[in-house]
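Pasting the structures here.
Okay, so subunit A shows up in both of these, paired with subunit B first and subunit C after.
Presenting the complex of A and B:
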């Protein structure tokens, strides 16, 4: 019996799990160092004691959390931040949806041109755009002047909640439009045509066909805009005139002005909890859609 | 192989020597203080003349927008400081001292301590006053025809919705609370600012913004607001740049000081040269030069004689008797209570 020539050893086969772990490792590491560690650090700070004048003592106390939960000012802050952000998200959705739908149906270079137009505000920093809005909405600005010229009582649009609302809605629109377009994948024009052929009115086609098929995009856009609205502080700071108290502006004040880092950390963790709730709501919506 | 090892060794030795000499030669002092116009003027009036007199020392100015950020950076570097000197607000410096960030400030650092005004030496803070500033009344010269003389101009109905006030927790708001309290008959702001808060409630409906941005000087210069409050030194510089649009007044009722202190960072890399710079920064010459440049009042009592009449007039130095003595370390204890009063009682009335 002649010896069977040894077959070359096959290259090591990656098992599916191993490869996935290996590919995920770099991003997991970056996230651990750049995100998880700082968040854990924040969580730790939230149990530190703040000294008068801005010092910080590394002890373990529930003081900050107890103070937060027992002070009606902070509860109002959470409530305000959530409802204002929800209202802004909804307004952004209503004004962005038609644009996204039109863009989804457009084609060729016209579509490219319009998409660039939609994205172009993102090329300018939100700070610059906010200053732009201040110039437009102040009491001697063009909007208030136009309202006065028509003979209507001029509302004060700047340095209050209205200003924050208008500014943030415009700033969040590109994000909403892009998220909506990304989620419009399932919207096949042939389905709409079928609905119309079968005698559905345009309104019925919209409510029974288009809207349900675009719900994943709506959920994604709303999640994104809500998270951005809750965490934005530049626009509320610049346009709120110091009258609009939100979680993000309060974190800024506590961290940068009064130097109460333990309280700022506690509020930051609270924001993370709000984000967690938003993510939970989002996945619940997605589950129901499936 | 051995030849290669030797070559590597020789190379490393050369590199080490080069590094060692460069460390010895380039004595670089890193100074952190406010960015923006403070940096611009401080470099011109103090840092550059110091480097000219000490060619072997380079001073690097690391500007940061506010004291809180400086404290944050110093905190993060506590185990291996990269910064040698900090100029920051006295209440933040107290926090930094409590955390062991500053080295002790005594005659071994500077020989000028004895010449400093008493307000510049704050018990429990390892840093001494380097600039005095004070709150002033600002107005737009187009909108306010006659220069106001009293803080009461802020309550004038004709400027309704054109008043710009940086609210607490900003210390301009805190200083203003103390001034208002005194005007309204309050006798001891540490015990209660009730009288001041009640007076501020009347001001609230007239206020345009409690959060002027980028600062209070720009909207008043441009006419977006008519009248407001701000710090003297910056106001004087911006007034010169505004073509006469920004008016600045130290009202007859007086005002309160804000104190910036200078301190040596414990374990900073350039200790001896850093001490030399601090000594220079507190000298009558440097103090006088910075007053001429940016109108902060000097903290060294011997500087006044070197400053021109014109520059002195634009600081509070000529009105020392009218200044309220604000103990910032005591104020730090009541700051939260004042903020709460503003948020519950004052700001809601302006909605």
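Presenting the complex of A and C:
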């Protein structure tokens, strides 16, 4: 014992590892009960047999998986969903990047004001925002009327994939902007100035310095928006008018309309696999950047 | 350094001014830097030295005035066409590139063929003794190494002017001394014109051919380190460059200078009125025995031992004078309460009109 003035001695000394386990226990429990168990349950359902009328037979069959992977409709559905989500993610990135960069450089109360403006759509439900877009893009809405007024052929922007594309892009923008800004930490204005003094034009400063330094933010934003796009359901359902078939809407239809739970479960697990692939791609990008 | 007949002017600032709204940060600045010389912008923070440097680089726009390099007006030239090599206080290396690619960046931007760029980058790194770290990322380097990479990166493009913005401020004292010598040596070897911004008078005096002492966006004095130190143009310069004692005094209509109830002698001719008298602590002898232009009796009131220096505070009629003396062993040390006779020459009595800060 040392001669340190007598401090009240803790009843028990926790070792670091023990303490970490103890602190992680609550979230681990919540995740186990609220996430892992249901997913395992879902995985189990995907091997059940569906009965006409919505019942399930607890057997173990590969029927659902085999059926899914051999049906051109579902293969196209998966392919379309992934492709459209990627395209939406990319569009969201392109329109969000300048905003995020501007916000990153803005300062003081102006920056606070703009950030609140960016986040404010998140305070409104996606349903309301989707109905807003329907009102704007519908055949006699302001956008189509304006295009007609200029004398161009009237496009059909609602109840097809175009409407879904526009609506989802706008809905995902706040997420993309926030993720980009979170990833812009390495962007030091002095580094940009260094590039400029070394002879880089603004364009080359962007491609050689700004863009590479913001790649972590871009990767994070794309991952987030891709996942949100694939799993988005309300916007494609409402703006697609029942004519746009994507993974999330199909899962809803199978689970709620057709009452084929095993197939809905199989599709859900498939979505999870797609997300796994996205996560893998994200971490691969991050590893390369380091 | 031997002076050639008429050193050619390289950089010229004419009536450079900066205003933010109604605030005149820099009223009007005129400055001329010769080819191959290293000039320090010295002053306290907020004196406009960094702003002026950034205006030369093109990173800030002046509200008025012109910048000329080699006689050519570059005021409207974009940053990337100015051909300046800038070294930042925060190093500002590209974190996603290794050291070699950082150094080669400026060459790449000038469309120098890849192989040549690589060779020149390697040479530049050798020049700062970092050839062996070419493949490291900046974050794997120490602060001093990063600053040397930044220096190599700025020099490799053979810029028309090298701009250094407080390059040593983030380094520890010992490293700063080494870097000072190294930067000066590299600048002299390459014969490049350099502008060095600093708030540290030691850096300015020891590294640069000439020093611009700035204050409130204006030039207080522009001269060689010796001129600035020995013949400060204003009381501000005397205070900022080196340490001083300040005494309040008056000049009578006959031109005699009195302070602390005593007559003092100065080498400068004086206008009658209230004056501030500045004397550098190390120019005062503690135990004056011979003839001196200025002789003041006093008592030692405190002694501070600094190592190579001892500071004595000496109480004289109505004031206190600090005297600095190199540590010595050839005589018994003074003690508090000892009577001393201070002595200094007329050249060391710097006199300025009172009220000047």
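The working rule: the second predicted complex is superposed on the first by the 277 of 290 C-alpha atoms of A that agree within 3 Å, B and C clash if a C-alpha of one lies under 4 Å from a C-alpha of the other, contacts with A are read in each partner's own complex, and residues count from 1 in each chain.
Everything below uses one rule, namely that contacts are C-beta pairs under 8 Å (C-beta built on N, C-alpha and C of every residue); 3 or more make two chains touch, one makes a residue touch a chain.
All of these numbers come straight from a predicted model, not from anything done at the bench.
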item: Clash or fit (per the criteria above) of subunit B with subunit C on subunit A; value: fit
item: Which partner reaches more residues of subunit A (counting touched residues only), subunit B or subunit C; value: B
item: Once both complexes are placed on the shared chain, angle at subunit A toward subunit B and subunit C, C-alpha, multiple of 10 degrees; value: 150
item: Touched partner set for A:213, first subunit B, second subunit C, both or neither; value: second
item: Which of subunit B and subunit C A:199 touches, first, second, both or neither; value: second
item: Touching partner for A:190 - first (subunit B), second (subunit C), both, neither; value: second
item: Contacts of A:136 with subunit B and subunit C, given as first, second, both or neither; value: neither
item: After superposition on chain A, the shortest CA separation from subunit B to subunit C (Å); value: 47
item: Where subunit A meets both subunit C and subunit B, residue numbers; value: none
item: Subunit A to subunit C touching residues, read off their complex; value: 186, 188, 190-191, 193-202, 204, 208-209, 212-213, 289
item: Touching residues (chain side subunit A, partner subunit B) in the complex; value: 51-56, 73, 138-140, 156, 159-160, 237-238, 240-243, 245, 253, 255-259
item: Contacting residues of subunit C [partner subunit A, same complex]; value: 57-59, 78-86, 88, 90, 92-96, 105-106, 109-110, 150, 153-154, 157, 163
item: Interface residues, subunit B side, partner subunit A - complex; value: 66, 68-69, 71, 75, 91-92, 94-95, 98-99, 161, 167, 169-170, 208-211, 213, 224, 329, 332-333, 335-336, 339-340, 343-344, 347, 350-351
